[in-house]
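Structure in structure tokens, see below.
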Amino acid sequence: MPRIVVDVMPKPEILDPQGKAIVGALPRLGFTSFSGVRQGKRFELTVDGEVTAEILEQARRAGTTLLSNPVIEDVVNVELLAD
Amino acid sequence: MSQPIPVANPAVNQHPDTPKFNIDTVEHATGTPDTELPWAELGLKDNEYRRVVEILGRRPTAAELAMYSVMWSEHCSYKSSKNHLRQFGDKVTDEMKEHLLVGIGENAGVVDIGDGWAVTFKVESHNHPSFVEPYQGAATGVGGIVRDIISMGARPVAVMDPLRFGAIDHPDTARLVHGIVSGIGGYGNSLGLPNIGGEVVFDSVYQGNPLVNALAVGVLRHEDIRLANASGVGNRVVLFGARTGGDGIGGASVLASESFDAGKPSKRPAVQVGDPFVEKVLIECCLELFKASVVEGIQDLGAAGISCATSELASNGDGGMHVELTKVLLRDPTLTPGEILMSESQERMMAVVTPENVGAFEAILDKWAVEYSWLGEVTDTGRLIIEWDGETIVDVDPRTVAHDGPVYDRPFHRPEWLDGIQADGFSGSIQDAARPEGAPALRAAVLELMASPNMCSKDWITSQYDRYVQGNTALAMPDDAGVIRVDEETGLGVALSTDANGRYSYLDPYEGARLALAEAYRNVATSGAKPLAVTDCLNFGSPEDPEVMWQFAESVRGLSDACRELGVPVTGGNVSLYNQTGGVPVHPTPVVGVLGVFDDVARRTPSGWVEDGQAIYLLGTTADELDGSEWANLRGHLGGRPPKADLDRERRLAEILINASRDGMVDSAHDLSEGGLAAALVESALRFNVGARVGLDEVCARDGIDAFTLLFSESQARAVVAVPRSEEIRFTDMCTARAFPAIRIGVVDADAVSLDIQRHFTVPLDELRGAHEGTLPAYFG
Amino acid sequence: MTETPLIGAAPTFSTGSRADAAQGLSGARIGVITFPGTLDDRDAARAVRIAGGTAVALWHADPELAGVDAVIIPGGFSYGDYLRAGALSRFAPLMERIIQAANARTATARLPVLGICNGFQILTESHLLPGSMIKNDHLKFACLDAKLRVENNATAWTTDYLPGQEITVPLKNQDGQYIADEKTLDALEAEGLVTFRYVGGNPNGSRREIAGISNAAGNIVGLMPHPEHAVESGYGPDAASGRSAGTDGLGFFTSILNTLVGGTK
Amino acid sequence: MPRIVVDVMPKPEILDPQGKAIVGALPRLGFTSFSGVRQGKRFELTVDGEVTAEILEQARRAGTTLLSNPVIEDVVNVELLAD
């Protein structure tokens, strides 16, 4: 069944405590190439049947009204997942 | 090679919405007697499988095989331990039963605490899953034990978590500590259950086998007790809560694998994921069902899932049940009937409801948005019949599944190495060569002890647990026992403590189990509560090792004897075997939980000094008992004999502590256990940051020991108490009347911000605190 | 006991107007809302009772507010804190009513609302209060006795405190770090809407040590610490008056009762 | 600065309590087209300088060792973020 991905990231100006912890841990494991990490959320919405433009628009609205909190987060990506 | 059994047809199975399996029906099984089944892969022994065939008079179907194999597993059938556990029942006197409303055998025991109130409590292990996936393993451990409590008809009111980890500096320990602690917190906090105590021990013997035990306690009115039985022919059987997925059948994935059914993909989760939100809703929903009196019998689903629930409910009731398995709501539609029967998906319950109450039942579940499905009904046929789409796939006497599993008298013998170990006492050993002498060395030793992994403050862990929720927590960490108010009107309440010392048990398992009970009993009495009942979780290595089996047998014998001597019955518990890595078993670790009762928890005694000028008394006597002690452990020594348990003394000490608390004769009390007097003094001072001046000479002279021994020995049946000036005469008279040794060793000094061991040394409380509280953050961040 | 509905009465949120109407307190009906996953609802109700008021149980799916005079949104993990703490509860039918009532056009009609911990998170998700909560800076659940300074006692829920008073109440959460953009923070400060600040150490990284805030009208207050766990001696935080003896949280509940009863005079 | 995205999802056979709670809430808000939701994590790793194949490989390994828990999660995507 087709899936739509909605990606949500903390706003750039918001401190991301989880990302900060990870960026501290990476070099200890030998991963030295990354200067910053931010942790966001990825939602996969399953659609019963065909994905119309209308449904994609629904996913986008679900992203901004429910799946993200606009005070601290941005929806950075909404797309149909190629299977 | 025999032909595979058609369990599921992969071609059809590709349409997950229409699970049409080619089913191994009873009829098919009867017609194909020679089909070989993967009983060995499912963990059954040759003789066990033959016994199943004998019981049924034919080969089992795949679904029946699934049921027997999980229900006859060590975990569910207690086949290695049953013969020993009987002693808990056999040694109970009528007097001990006085407060027992429900004893061993149900989901959890129920104890009468007066005024029509009852308490149910139980401790269980989730050791292995917590090693594989620490967060989820520990979380679902809490979830499982809480469902046991709900299924007795009680509202869960608190949890505790006795834990054992490997060496604190081992690279894998941080992973386990972080995961397990946040898992216990994540689940318990989300359920709104205060965490009121537990234990944390680090010892390399637990490196590959951390012990994660979880205790839950619940409160109910006498008339609300619910039992797991399916009575009333025609009553309906309902499954509710989370949907059933492939959880927990990873190990038994043979049911979906090639030997069974070539070509079928086996995608079964290796670990169970808990959903504390669903469980919290289940708690409230069940309590509403109980209040409305719409369930006749109820059973939680834990290990062995529907196999266990259906066979136990049926055999404890009218003896028969008829179930249509396709009615089970699935998370994964590819599950085969056998897998559905074995699944250990969390947050599920099964109940029996009269036809008249079906509507009321559904209304309550709908209100809480809990999913349910009606699976079948209670019958009086004496058979558990399970159908799949109308075809019979299970037709068994449920007793043979639930109760008539194999029982083994496993051989055991005392290990030969034990004599050598017991002969190697600490005093005079090489490790004892540099015994601290003189003020600076003693002072340093106290700081070293209090900073050591086992004796350091556990605040880094316990501050991740909610101890306030529900508003009834009267004592919690770091007090000796957790105390919960039960009745807001009267202050009626309970105290709980869990204890075990694996090193003591290693040196002498009989004595070790008695010591575990003695300590938990003492902790409860120290808080001022009267001990009433016991639960236990017996964590051991492989029962197939005769030496481990001996440790187990001795522990059960010791614990049951000690329970009888102290007059407190075991009401339930759990056995966890096979805790070993590469042939090396963990120390025998019989975790003992004691429940005590207060008429009014306002009278409870906390374990820290408060009032300036109060007299500090040491109750009990001290001998050179350093074998197995924390001090010896710090020096890398493990040998000799554990301290002697004197249960008559424990009982008298408890009476003194309980009376003193009730009559306001003590303001603070702390029992002496691991770390001895040194630990008790330091903890009493740090609790409220109040110092004291203490003199050791009189006790040393009386007991014929030196200051080091007095501070570090772990002799039993001792406590330090702080007595208000006005109560001193009354208090000492009481001790004299009971012929219990008590010496005034010092005085609380609220102005001195230090602990002053006169004629020896003084340590500022800040320095002690730094040492005591710095250890866990240093290792775990 | 008569239960006089007090909505529509005139709550004035100044310390001066506090009425001495002890026997009228139990007439004040304080709703305590329960969502699936709410934990501290019974504790909040107990606190209302101890303060002398009448607690009214509200269910998230109720269509109406049952004539309560004020509402407490208690702590817990509504909907498991899944997605974001408070995110799913915000859309409950009763929340729609609360949002309307709390924002009523006339000051006199505005429903007093207190959000504690998860309740505070629900209030920010509902945009009744600005900002949001993210994970504690140390990433762990933390249960501790927090010391707070009352920065603003001119709200419906804080009249019984003195400005600058320091109180101790338990704090217990995983997502307790208060954040908002600088402009919002400056505005909160400028308008005196920072109601409570952590003192003696910031337990979770909250911006400007903010532990609780209110709206401009002062009828809506949200805070992360749990005053309902500091209302009964023996079950609260340790205090100078004795171990577990702290009852500093009681002021929230007496404040609202006095505010409501005072308003009827 | 270039960023690499690492997407982590709960394994399909593993219970996803968050996704389950969200899928229950969507229809109440009028989003009726979605029959399932799964919630995973999206990490954005910032790279100082150019993204070589070696660095992409590092991100992949960080994904499977630190950013995901292989017992219950899969790394479903590692890619350079087009800016």
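To keep things simple, chains are lettered A, B, C and D as they appear, and every chain counts its residues starting from 1.
In this section, contacts are C-beta pairs under 8 Å (C-beta built on N, C-alpha and C of every residue); 3 or more make two chains touch, one makes a residue touch a chain.
The structure presented is a predicted model; accordingly, all values stated were derived computationally and were not measured.
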Any chance you could name the chains that touch chain B and chain D both?
C
Weigh C-D against B-C on C-beta contact pairs and write down the one with more.
B-C
Cα centre of chain B to Cα centre of chain C, whole Å, reads 37
Indicate the whole-number Å distance between the mean C-alpha point of chain A and the mean C-alpha point of chain D.
7
Approximate Å spacing (C-alpha centroids) for the pair chain A, chain B
40
What residues in chain C touch two or more of the other chains?
79-80, 82-83, 91
Tell me, which residues of chain D touch at least two other chains?
17, 21-22, 25, 29, 39
Chain B touches at least 2 other chains through residues 275, 277-278, 369
In their shared complex, chain B is touched by residues of chain D numbered 10-17, 20-21, 24, 69, 71-72
So, in the complex, the side of chain C touching chain B is made of residues 36-37, 39-40, 42-43, 46, 61, 76-77, 79-82, 140-144, 170, 172, 174, 226, 228-229, 232, 234-235, 238, 242-244
Footprint of chain C on chain B - complex, ascending
182, 185-186, 189-192, 275-278, 280-281, 367-369, 462-474, 485, 488, 601-602, 606, 608, 610, 688
Quick check: in the complex, which residue numbers of chain D touch chain C?
17-18, 21-22, 25, 28-29, 39
Residue positions on chain C within touch of chain D in the complex are 79-80, 82-83, 88, 91
